[in-house]
Each structure stands twice: as C-alpha cells, then as structure tokens.
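Before anything else, here is the set of structures, which you'll find just below.
Both complexes below contain subunit A, partnered by subunit B and then by subunit C.
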Partner chain A sequence: MTEDAINQNPNENPESQNKPEVSPPASPVGEKTPPIEAKEKVSRRSFLTSATLAWGAFAVATAGILTGAGRFFFPNVLFEPPQTFKAGYPDEYTIGEVSERWKEKFGVWIVREKGMIYALSTVCTHLGCTPNWLGNEKKFKCPCHGSGFRSTGINFEGPAPRPLERYRIVLADDGQIFVDKTKKYQHEKGQWSDSESFIAV
Partner chain B sequence: MDAFKSIINSLSEPQIMFSFLVLVFFFIFPPSDKLYRIHKKLRLDLLWTNVGGVFIFTGLFVFFGLGVTDENFRLIVTKPDNVPIVGLLFLTIFFLWLSMKQGRDNDIRLAEGQKPNEYHDPEDKVLVWPDLVYIELIAIVLCSILLMVWSIYLKAPLEGPANLADSPNPSKAPWYFLGLQEMLVYFDPWLAGVVLPSFIVLGLMAIPYIDSNRKGQGYYTFNERKTEISLFLFGWLLLWVFLIFVGTFLRGPNWNFFGPFEEWSLSKVVPLTNINLSELVYVRWLKTGLPDNIFLREFFGISFVVGYYLILPPLLARTILKKFYSKMGIFAFSMFVILLLTSVTLPIKMYLRWTLNLKYIVAIPEFFFNI
Partner chain C sequence: MADPKKKTMFQKIAESQFLKSIFRTGIPHTRRQRMMAVLNNVFLHLHPVRLPKHAVKVKYTWCMGGLSFFVFLVLTVTGILLMFYYRPTVEYAYGDIIDLAEQVPLGIMREIHRWGAHLMIITVWLHMFRVFMTGSYKPPREFNWVIGVLLLVLTMLLSFTGYLLPWDQLAIWAITVGSNMARATPFLGHEGPGAALLAIGDINLVHAASDVRFALLGGRFVGEATLLRFYVLHCIGFPFIIMIFMVVHFWRIRKDGGISGPT
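What follows is the complex of A and B.
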C-alpha cells in the first residue's frame, strides 16, 4: 500500500519534503511569531509568587472536592437493617434444623444442633453470593460457582476456600436469642470455640 | 432418538468432552511438523475447503435443527440471554473456517512456488464511491432490521427488584464473563478474577514481542505459522470459547453440569466433596493429621507451585521448546513460557478437580491465599 501511494504521485512528494529546507528563514511561519523582546519580562520573584498562588489555589480546590467526595462515604441516613436483632426464644428452633426465618431480613441462618445454637452468615466465602439451603441434601449450595457447605457452615464442595462465618450470638436478659452481626467468628482462625460464637442449650 | 440424546448427554460431560476436544484439537491444528504430517495423512485439511465447510455447517444445522425438537434443548438455546451465544458459536466456527481456508489455499500455492493470493490484492481495487459506500449502506439497513426484529422478538431478561437473600439459581454472569465464571469454579477469586485476566490481557499485548516468526505477514497461512496459530487457538477456542459455551448451555441449577437434553432439575445431586492437597497428603496418604504450622502444612503445595514455575521453564528450553529458546533468546522465551505455563494451569486444575477432587494446591485461608 505505501509503495503504491509513493509511486502514484512521484512529483509531489519530494517537492513538499524539500520546501522547508530550500526556502529562506523568513518563511510565513516565522513572521507570525512576535519577537521575544516585545514580551514583558517576568521576574523570578513574581513568577514564584504567582506560581505558589496558583498551585495553592489548585491544591485547596482539589482538597475541597476530595473532602466533598469523601463525605459521600458517611451518609446521613443508612437504609439497611440494624446489625443486631432479637431472634426469639431457643424453643422456637427445632433441633437439627436450619431456620431461614431471618435470611431475607438480616442475612442470617439460625442453626440448632444438639446442645448448641449458632448464627451463620448467608454470604458465600468464595465470591459473596447468597447460597440456598437444600433441606433434602442437608447442605447450603451456592448458585454462582457451586460451593457447598454443611449445616455447620463447613465448606466441602466447590471453590469456597473457607467455612461460612458465624455471628456473635448470646442469650438476652429476657431469655431471647440476641444476634450481633458486628462481630464474626471464623473457623479457620479457630474462633468457633469462642463462648459467644454459639449458645449452649 | 432418546438413545441418541442420552449418548450426547453423557458425551457432553465436561471431562469427556474437554479431553476429546483437546485430543482432536492437536490433529486439526497441529503445532509441530510431525503432527502436521498426520493431519495431512488423515486428510483433516479437507475441513478447510468448500466441501468441508458445507460438511461442518450441515452438521451444525442438523444438530441444532434436531435439537430444538427437544424441550430442554429448546429452553436453553432460545433463552434471550443465550441467543447471542448460539450466534457466537456459528460465527466463531465460520470465521475460523474462512481464515483456515485462505491459509490452506495459500499453503498449496506456496508449496507450488507461487505467491500467496493476497499478493494480487492491489490489482482488484474497490472504489470508495460508489462501491464501498453502497456496501456500507446495505450493511446499515440489514443491521438495523436485525436489531429491530431482535428487540421485538427477544425479551430483555429483566427480573424483579434486587433482593440480597434471593440469588437466581443458577446465577450467571453476562455471557462474555462466563469463561471467567467457569475459571472461578476451579480457582480462588483473586486468581481467577484478577491475576489470570490480567495475564490474558498482558499476554495478548505481548504477542508481537514474543512472536518472532516473520512469515505470514500480510497473507493467510497455516503451515508457515502452525505452532503460533495452534497455541493461540488452544487458548482462544478451548480455554475461552469452550468455557463460555459450557457456562451458557451446560451449567444449570446449583452450578451443576447438565447435558444439552437434560432437564434442569433443582434436585440433581452430584457428589462433589473435595479436599485440599495438604489434606490429601497428610490425612489420606500419610495418615498423620494436618500439622499446625502453616508452612509445614502447605509445604507440598508450595513446592509443587514453585517447581512448576522454576523447574519446568529450563526443562522445556532444553527439550520440546528447544527451537524456540534458541530463536527467541532468554527474555522473550521466559515471558512466553510463563504465559504458556500459566494458561495451562487452568486445564491442570480442571483435571485435578475432576479426578482427585482436589480443591486447592496451596490452601492458606488464614491469609486469603489459595492456589
């Protein structure tokens, strides 16, 4: 293609290339630019002052914008359910069953085993989808990449690298179960034996 | 018909289908002279002729034509989200056939001592006006009609308001991410979601610096660039298009595998219990239980990974990739071999999962570090 282009107009190309070299320095381009002497000289001191002012103003403006943007991270109102809630009395949960009562509202499964009750997070530890509880197969199964967890939260299928997290769970003064999602207990860190990671019943 | 469907269903088990495709791939796109001779002897190059094209597309259309008579197949294939993937399958195969055909034609011309077809291109010039502009006008009209018909007949896959507690089952990424989603089944998110995609992008950018073969510039050829084409197509067809295909058509509820004629049953139970390499070594083989020290526990996995990246490159440079090493020099060769080895980790992990039920080679959930 390039060879073609050159061959098609062999007369024009060399001319246009040579022109700037052949023509004298007083070319139209040179005339338009004003001579340097005509410009007002900027002293070093005034340059530094104006540069400091300009950069200072720029820094202040940037800081203002960043502060304003940062303010968005702390909204006045948060439309999310409270991080703690009362989940009724231990008797309301059957032994050996996974309760999905609080899944939709608080993102918590309450599991009652023989001797203990614990609160499991409904966030898959692989990439954060919400698994489904399959009652017949007695497992949590994630619809995104096929991770599987036992009712205890232990991962045994698919790519999930660690068990589901458990939330702080205690008995309130009135005898109800109190779940606190601000504190979580991770099995791989050996926190599931912590006294507040389950209720002994 | 039912027998045929059940045969197709069992053949489309990823273990079988992927192994079959990998095997066939290197005969259809032979990377070495030896395989190329077998490829010629088996007359597989006839696929890249007009007769071969008719054969390929008749096969595809017959399969899809018969397939849509099945209810489950029809449900998956005609789902509005999936229609583009059906188009993608046909288009990928068509353009593959077209370029391979042009390559084969040129290979024959070159073998006869002639110049490649493209050499004569400057002679058959097309004028912008009216030739090109008319073609563009027709293309615009046809594309607009296609888009209108598409938007009228295929409904947008809209769902109810978002609800954290209710994930669709199966939850699928947009089609162009389904290859990544399939990779995520075998890898930790930071690997399959961050490291490997960056490697894909960087690897594609590095191709012009790695590929030192000057042949095939400005014309199609297969024979003169068979290793390059074969390696690229392995990544493109088997590690990307195939994964999108699997993710779209064969992954059903609970992310289980389903054959193309199988009903997407929510209650399909597949035993998938998997374990880490450390558990396999210490619990299953040595029967000692996991050591408490993380590095002792993951010693075998870490040495496997380190060995893979430190021992294999010099080994390959002295054996099967000797030719490349002497041609490319140490820097380009290391880049090439690391990209190659990294892309091969995906099939390696797929097979380890399918055979040994291996979850992670190195598993340190304490530090979110799993390989």
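What follows is the complex of A and C.
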C-alpha cells in the first residue's frame, strides 16, 4: 500500500474509487481516446525484441539443463577395478600355464609361453561374454554361444569372428609385470608382434 | 405401471446431490445426454461417443490393441506389487526374486509379470500385423502408425530393462550381449564408425568410459550401476514415456476418423 492510500479516510474510499468508474459514462458519447490506445499498443519491433529475448533465454536455459542432465550420467568416480595393475613377477607364472589369477578382478588372463608372457582379454570377440579356460582340453570355451579359442587367443570354433584381444604388457621399474588395459593389440591387425603386446622372457 | 411422477429408489439415489456431484449428467435418457455422459468422464472421454458396428467385430480387429493395453495394466499392477519386495542391488536382487517365488504369498506374482511381459510383446506384434494386413496404417492414420512404432520400441525397451533385474547368469550375459550393440553406434559408441574422428589430438572424446553404452550401463561392464539404472528405467522412465505415447495413440484413433473398418 502506498502512503497516500493509508492516509486516506476509509469512509471516503468508496466514493473516491467509484468516481473514475462513474466518470467515463458521464463523458460525452463518441469522444475518442486515441492517445491511451496508442500508448498501450505494443509495436511490432518491441514485441519481436522481447519475444526473441524471452525465447532465447528459455532456449539457453533448456539447453543448459539438458546438457547438465546428460553429463549427470557420466560420474567422475567409477567404482570399478582400475584399468592398469601390477600382476606380480614373471617368475610367478609357469611356462605353458594360463593364469586365471586376475580374471575375476581385472578381466585378464596372463599366459606364459616359452619365451613370452602376454595378457589376454577375457571378453569374447563374438558378443562379449567371458569364456572359461578348460585346462584339460587346453582351450577357452565361451558359455554363451560356444566360441572356442586356443591358449594363444586364436579362435578355432564357434561364431567368434577374430582372436581374443591382448592388452599392453610391460615390465615395471620394480621388475613386476604391468598390464595396461587402455591399449589393446589385435591379431588380425598384425599387432601381436608389437613390442609392448608381450614381454620376452 | 407405476405413477411416472413417483420416483423410484434408484432414481432418488441417481439424482442425489452426492452422485450428481460425481456424474454431472445424471441418468442419460437422450442421445445428447448419453454423449455428455461420455464426454464429461475423464476415463470415458478418450473413447468415441458412438461406435460403428464393425468396430466391435473381433474377427476384424482381434482386439489386439485393447489386449495390449490390458496386459500393460496387468504388468503395471503386478510390477508395483513386486517393487514392495525387490531391492535392485547386487547383494539382494537375485535373492529377492527367489524370495518372491518361494516365501511371499501368491508367489505366482512374479511369474504373472514375466509371462505378461512375453504376452505383451506377442499382442503388440499381432496388433501391428492386423493393422498392416487391414491397411489401417494408410492415410489419415499414417501418423498413428508412427506413434505405434514408438510404442513397439518402448515395449521392447521395457522388456529389455526388465530382463536384467533377476540378476542371474542369463540376465547378466544377455544384457552384456545386448548392450554391446551400443558400442557400434555411429559417433556415439566407442567402436562405432566415426568415433575415431571425434578426437582432440591423441585424446579420444568417445571412449569406453564416455560413450552411449557407458551412459546405459553406468560403467564399462554390466555391474551394480547397471542394475540400478535399468531398475529406474524399467519402473519409472519407460513406463512414464510409454504412457504419454499411449494417450496420444488412443486419442489419434478418434481424431483420425475412428477405428478403421472393412470398406
């Protein structure tokens, strides 16, 4: 309430409010009031300006919220095993053995052959299940669709279209095996002879 | 006959303030009143006021659209009941499913939900087949066919997300296999065409922890985060979206000239 309104005598209020309502009919019929209409009319220019500003602000806000909502689905911290790990010393693996030591936690088989150690991915190249190592039959067998792989990772039966992938494997400064899952080596691309796709022992 | 001016008990109840406040039209006697009774009811007003005779011919429509909706309602009710026991965590999920079957009264509830899910896929397919074979997708109903395809996709997404929730070996590996398709999405999947182009120098923008498959799974593999994401999508996300499109679908049947019939 403005001060004027407060200072007014309440008894006079009805009259004072009525007056403006009564006066227009009292004015001569046909009297034109163009100045008021012109004042209230929104010009095309000002309408377009404010509409553009309003819709623009709305669009920016919506885009910002949608972007934030999209980003929301990519957390900054993952409660997953790290992509790199130390897998012990080469002596801990016997020649001709497929080690399942890191299968559960990191999804990696460490295979030691005569002269080399490599890290095989446990992801079947058919549709991504985890094969089992069948020690007696010396092969990996995928339970989902029956793909079979040799201990080297080469596919030989079932629907798998290509060999298992190998991960980057190097010797760390302390002499331990270091496996890096962010870099992979594919046989069909001729990458298994790359220097860091295996450790020579 | 009784005096027509004397009101029967039924009329008295029907014309009481209580019932008239709910059903504003009262007992409909004329065509116009019957029409108003339908239009003034939020549940009935989605339906046409009057039907052509052929619309109730089961031989023509198979009632597959209606049955799909009915099965959806059954799935909604049983699904909500299952939510009272099921906990979407790696620790409890599988045990709760066993618990629902063996310890909770009416252990068939989970099976009704599962069978219902299979049945809904079948009824939706048969509904589509009928609509196709009768040419009911043709103008002016072509847009409603598009809505129907969206409903089909949403039905299958509901089925897919529900598949993971039992958290047994079948569920985990089925979702592993199914979600691997997302790897190959152009530009959005890290093994898809064009993904390698989205890079700044040596740094790939689309990799295993930033692609569309990751957004779906909440991780690089099917794990705890996946179970929770699929649970939320299955129980809230997709049902919400499918209901919006179902409303449009039913509305459009009327707006496109009513249910199609033999010409």
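Here is the rule we use: the second predicted complex is superposed on the first by the 142 of 201 C-alpha atoms of A that agree within 3 Å, B and C clash if a C-alpha of one lies under 4 Å from a C-alpha of the other, contacts with A are read in each partner's own complex, and residues count from 1 in each chain.
Here is the rule we use: a contact is a pair of C-beta atoms (placed from the backbone, for glycine too) under 8 Å apart; a residue touches a chain by one contact, two chains touch by 3 or more.
In this text, all values refer to a predicted model and were calculated from it rather than measured experimentally.
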Which of subunit B and subunit C A:G68 touches, first, second, both or neither: neither
Subunit B versus subunit C as contact partner of A:N136, first or second or both or neither: first
Partner chain in contact with A:L127 - subunit B first, subunit C second, else both or neither: both
Touching partner for A:K189 - first (subunit B), second (subunit C), both, neither: first
Which of subunit B and subunit C A:L78 touches, first, second, both or neither: second
Partner chain(s) touched by A:C144 [first = subunit B, second = subunit C, both, neither]: both
In the superposition, subunit B vs subunit C on subunit A residues touched: B
Common interface residues of subunit A - those touching subunit B in one complex and subunit C in the other: 107, 127, 129, 143-144
Touching residues (chain side subunit C, partner subunit A) in the complex: 173, 176-177, 180, 209-210, 214-215, 218-221, 223-225
Subunit A residues within the subunit C interface of the complex: 70, 73-75, 78-80, 107, 127-129, 143-144
Partner subunit B, residues of subunit A touching it in the complex: 1, 4, 103-104, 107, 122, 126-127, 129-132, 134, 136-137, 141-146, 148, 156-159, 161-162, 188-189
Complex contacts: residues of subunit B adjacent to subunit A: 122, 163-171, 181, 184-189, 193, 253-256, 267, 269, 272-274, 359-360, 363, 365-366, 368, 370
